[in-house]
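Quick one: this structure, given as structure tokens, is what I'll be asking you about.
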Amino acid sequence: MNVVVTNIKRTDQALIQQYLDNDLGVATVHEAQGRKGLLASHMRPIYSGGFIAGNAVTISAAPCDNWMIHVAVEQCQPGDILVLAPTSPSNAGYFGDLLATSLMARGVRGLVIDAGVRDTRDLKQMGFPVWSAAVFSQGTVKETLGSVNVPVVCAGQLVNPGDLVIADDDGVVVVAREEAEAVLEKGKARIANEESKRKRLAAGELGLDIYNMRERLAEKGLTYIDQADWKG
Amino acid sequence: MNVVVTNIKRTDQALIQQYLDNDLGVATVHEAQGRKGLLASHMRPIYSGGFIAGNAVTISAAPCDNWMIHVAVEQCQPGDILVLAPTSPSNAGYFGDLLATSLMARGVRGLVIDAGVRDTRDLKQMGFPVWSAAVFSQGTVKETLGSVNVPVVCAGQLVNPGDLVIADDDGVVVVAREEAEAVLEKGKARIANEESKRKRLAAGELGLDIYNMRERLAEKGLTYIDQADWKG
Amino acid sequence: MNVVVTNIKRTDQALIQQYLDNDLGVATVHEAQGRKGLLASHMRPIYSGGFIAGNAVTISAAPCDNWMIHVAVEQCQPGDILVLAPTSPSNAGYFGDLLATSLMARGVRGLVIDAGVRDTRDLKQMGFPVWSAAVFSQGTVKETLGSVNVPVVCAGQLVNPGDLVIADDDGVVVVAREEAEAVLEKGKARIANEESKRKRLAAGELGLDIYNMRERLAEKGLTYIDQADWKG
Amino acid sequence: MNVVVTNIKRTDQALIQQYLDNDLGVATVHEAQGRKGLLASHMRPIYSGGFIAGNAVTISAAPCDNWMIHVAVEQCQPGDILVLAPTSPSNAGYFGDLLATSLMARGVRGLVIDAGVRDTRDLKQMGFPVWSAAVFSQGTVKETLGSVNVPVVCAGQLVNPGDLVIADDDGVVVVAREEAEAVLEKGKARIANEESKRKRLAAGELGLDIYNMRERLAEKGLTYIDQADWKG
Amino acid sequence: MNVVVTNIKRTDQALIQQYLDNDLGVATVHEAQGRKGLLASHMRPIYSGGFIAGNAVTISAAPCDNWMIHVAVEQCQPGDILVLAPTSPSNAGYFGDLLATSLMARGVRGLVIDAGVRDTRDLKQMGFPVWSAAVFSQGTVKETLGSVNVPVVCAGQLVNPGDLVIADDDGVVVVAREEAEAVLEKGKARIANEESKRKRLAAGELGLDIYNMRERLAEKGLTYIDQADWKG
Amino acid sequence: MNVVVTNIKRTDQALIQQYLDNDLGVATVHEAQGRKGLLASHMRPIYSGGFIAGNAVTISAAPCDNWMIHVAVEQCQPGDILVLAPTSPSNAGYFGDLLATSLMARGVRGLVIDAGVRDTRDLKQMGFPVWSAAVFSQGTVKETLGSVNVPVVCAGQLVNPGDLVIADDDGVVVVAREEAEAVLEKGKARIANEESKRKRLAAGELGLDIYNMRERLAEKGLTYIDQADWKG
């Protein structure tokens, strides 16, 4: 059955804002939540420097058919991020500047799509960030129904509507709505801890010493040998 | 037989200029001509922001052999775009800054090559745009003949000499010389139509309403359901 | 046996500086040394415009295990470049901003890694250039020993510790330490020769004439034919 | 948290047997359940001709670490199929003839793994079918915990423990445990319907007529034209 | 415009039979016609050992839409080979055992498709050979018109209706209808020539001598050196 | 400089025979020598079931140029295996049935080539096994010198002439000539050890117990939980 699920529960916007304010990027959040939720590495930004966080509005779409994006727009609120997963691989250009105009008018922060997009020069000028599997102008049709705001697997990760999506130059990570608050705290702690590490490393201290690695390396049998003495 | 076809018919330059003046990019032209002529999505610009249109001077070259580029340069006129298709896949670096210097001296606008290029830092500084399948410094030889200005299949599309080639951040599209005038008119109409749509969308109107989609979606059986009532 | 080879012989820094001063990029060096030493084309910079040269400190690492990077940092000197080859393919994110901080504190010029990196927004802001096979945030472990400063095959090329590594927008090339002086001279000669060619080409002379290609093309049977007379 | 979920609910074996007895292969089941549940096309059998159906015992494993397979064996019952999804892409050889021996001793019907396997000559001789992303002998380690019988995303599809997995030369499809009975009925109906179609097609009737396509094709504007009259 | 071109000119069947009788496979024909017409290497047989030759009935189809195959069946005659090129990349399963049944009833010899197929176990049992870009069960729709018997670019090669298509374990090659007779003669000559070479090679003669390569190798500077004397 | 190194040292044939007699396949040898020497997973057999071991005669060849294979044939002895690495990626068909005839006349056991081959139907019938990166009929030229019996990097692994090469359905592994005797002993020990393990596993014992894994798993925190009690 093809459905549009309305009135989805969303992650709290104030909470999301803290991810942005604390500069909790993809790598940090992925670690903070125990190394899960990372979309596959073929999801790349169409231009560099973007950093967004927001609530997932999900789309399950037929291959080469972008009809459901039009349906999904109506379900979007300010602070949302559209997440599209085709039911079969497609690099067709599902999305361009007109749909971006419509989404920006509704306050949507960006698009994550495991398929293609087009009008990328315009999208960059408009400042509408997109993470996609391809850039390709091939047109799509509007013939086959899909669903909006159902759970989807996008680039190898399960995304539920209302989940928190974070994207930057490293890629895209999803945080389950129920875990967004706990992950925020862990992420902030991680940033704080990294900051102290960064200072020590910048001052020339070695990770070998900061992380007490020398003993375990020796136990495992790592051997230091002068090149003059080494027989490869 | 290996030939260099001379005195090819070209698309009129004033006509081409209108494509540029009207900002008819790859996605628009692809749609305007009925969704054909699009080169495969692996053809990517070596730097972003380029937008060119011009007449195709075509090269059919042996794999890892760039001899025919030197032959083709002599056939180029201002406003041309070089289009190279290897007869077998190759990511070797067929092209670098010296060839670009030679082409710029003849007024050539860019290169479209289903193989590799090198000296990309220089090419960017020189402002010579290239769409290629790879960036790779591997050198080529000059041993095997190919042909210039014969029909070639480049990245999955048939390109005839004198065809109109358009390239931007989205990729590359080819327009048959005989159709360039008709496609221009359709492209301009499309731009005008999109402009009015853009204003309505920017004002918050929905594509669902602008394009009258609601009825057909309902006919196909799309169902709206509140999340509270939904049993996934 | 897992070893860290210490006190490796390095290429002379004054010599390396001449590569930079003479703008001997990857394509030029690859040609100058007889078309060898080029890493595979999947090695791409995480941001464009970087150009580095330095001594290889090599790492052979287990897949998805970045422990040996911490070990290698201690072996680095100013002017070095870290080169990591996993023993089995991995696109995991072995490297991020903290390790970059540590390497910059030791004067390391960049990283070449046939695997993934993360924190790329930070790395760009810090100005720490990386050439990698992937950008991916997936975390790594610290469980399995590898080796430092042993010969490695990185992206298809043998790299010995102390070899000269050069990287720019075209990719990465390695020069054997023993050959670095001879290659420098050949590279400088090549640059000089290209400069004279560039002037002639910029003035409109054809490569066909500069390189005396016309006779050999005719011998091989290249035929010029007017389009009006051609039966494809 | 890393868990092994025990005493999972399974699909009824008599029900599963009916899938096999009725020759309900991957393509048929995928259609019968509304075109969902299909694993990505990179999942290929290591030898052709295999056809299995069984209950999923799922493994979420670290990249290049096969420790959890040993843990999962203990959870297997006759009629099960092991399904392994690495948390990050890996083509390492997680699985070989010894593990297959152990699984066969427990009545396991096959392996579905989005990673690599080895000893494929032995596996073929033993008659233990495997669908994998790669064949590669690279060894794995036993250092990092994963989980057994948790929901996993394998090759782009969500698989829950106890779901029905079907695999043949076309690939792999998963049926939710709760839907296995309904899908069986739809699959049987589909087979019956196809059988009558097959006879008519074999007798020379056209799909155009059997499926009443001519009118709709004409409405959409399909035009028949004799080649002698056609101007491409 | 979407058209079905009828009454296409075909290559003579007696001529085609000679290709089969003389065992003119893909590699031989590719060489005999001057190294052209070869489809890209991703076109692989779904089972090994097939060898077919026949007239191309071409299909230009929308991505993930197999409607036009049904239309094309009616245009097929005994000895034809169906050639399908999607207008945008798709690995969906356009084709299965029912369509194969229909084609076999009309005497069609096989399918060449730059997309996916399914029911491959059945197709092998039926003895209907297919060369495809993928094996995948994902279903297609019947919504968008395409064309039949127009020129298409399939896997990088231009194929006209009525062209001669040859396929074996090496892949697929196309011969222009007008050239099929001349290429047959060249192919037979090539086979004869190879046969004499084969005998000499089997008797231990060296290609170096048979082809008189030694002098030219020496001219180019090839140097023989005993390993004991070599300083790599 | 392009050289042919003659009179290379080879691994002893009686030693090699023991690898075959003891059924030391690729996975076993890879493990026995400490997990090194494995060629990349894209190296696949053109037909399944082959298992060879022999001395490497190495070829460094220009892309799309098979001239050096003819040179290498003369350097081959019974029991050799030809190993070809192109200097730049190429999927062209370097090798076919005539070259195989010549090699079989000299007692060569097979070919390992990080490029393409053709005439695969014939090669299978002749029983000449090949491991390659591609099957493709595209012809090559004989224009550019390469070298024979120099160290090459083939599919990511350094191969020296006279090294022991082993290939089976799993892929290809190389053993350094100097280590071939020691690796044989380790391989035989490994086989013996595996045999005892196989019996216990076949009898139903668990790897968890045979390898004493339970305690360490518990230490790391693996938790067993009944599905009825689990809150995913």
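We call the chains A, B, C, D, E and F, going by the order they appear; numbering starts again at 1 in every chain.
As a working rule, a contact is a pair of C-beta atoms (placed from the backbone, for glycine too) under 8 Å apart; a residue touches a chain by one contact, two chains touch by 3 or more.
Remember, predicted model here, so these are calculated numbers, not experimental data.
The minimum number of touch steps linking chain B to chain D comes to 2.
Copies chain C and chain F of the same chain sequence form an interface built mainly from equivalent positions, shared numbers / all numbers used being over half. Here the repeat of A-C among E-F, A-E or B-E is E-F, since over half of its contact pairs match by residue number.
The mean-CA centres of chain C and chain D are about 42 angstrom from one another, to the nearest whole unit. For the pair chain A and chain F, the distance between mean C-alpha positions equals 40 Å. The centroid of the Cα atoms in chain A and the matching centroid in chain D are 28 Å apart. Those residues of chain C in touch with two or more other chains are numbered 35, 38, 41, 87-89, 91, 136, 138, 151. Contacting chain pairs in the structure are A-B, A-C, A-D, A-E, B-C, B-E, B-F, C-D, C-F, D-E, D-F, E-F.
Contact residues on chain C toward chain B in their complex (touch as defined above): 25-27, 30-31, 35, 38, 41, 44, 48-49, 51, 168-171, 173, 194, 197-198, 201-204, 206-208, 211, 213, 217, 220-228, 230, 232. Contacts from chain E toward chain D in the complex involve residues 1-9, 47, 67, 70-71, 73-74, 91, 93, 96-99, 101-102, 104-106, 116, 118-121, 124, 134-139, 142, 145, 149-151, 161. By the touch criterion stated above, chain C contacts chain F in their complex at residues 35-36, 38, 40-41, 87-89, 151, 153, 156-158.
On the side of chain A, the complex with chain E involves touching residues 62-64, 87-92, 136, 138, 141, 143-144.
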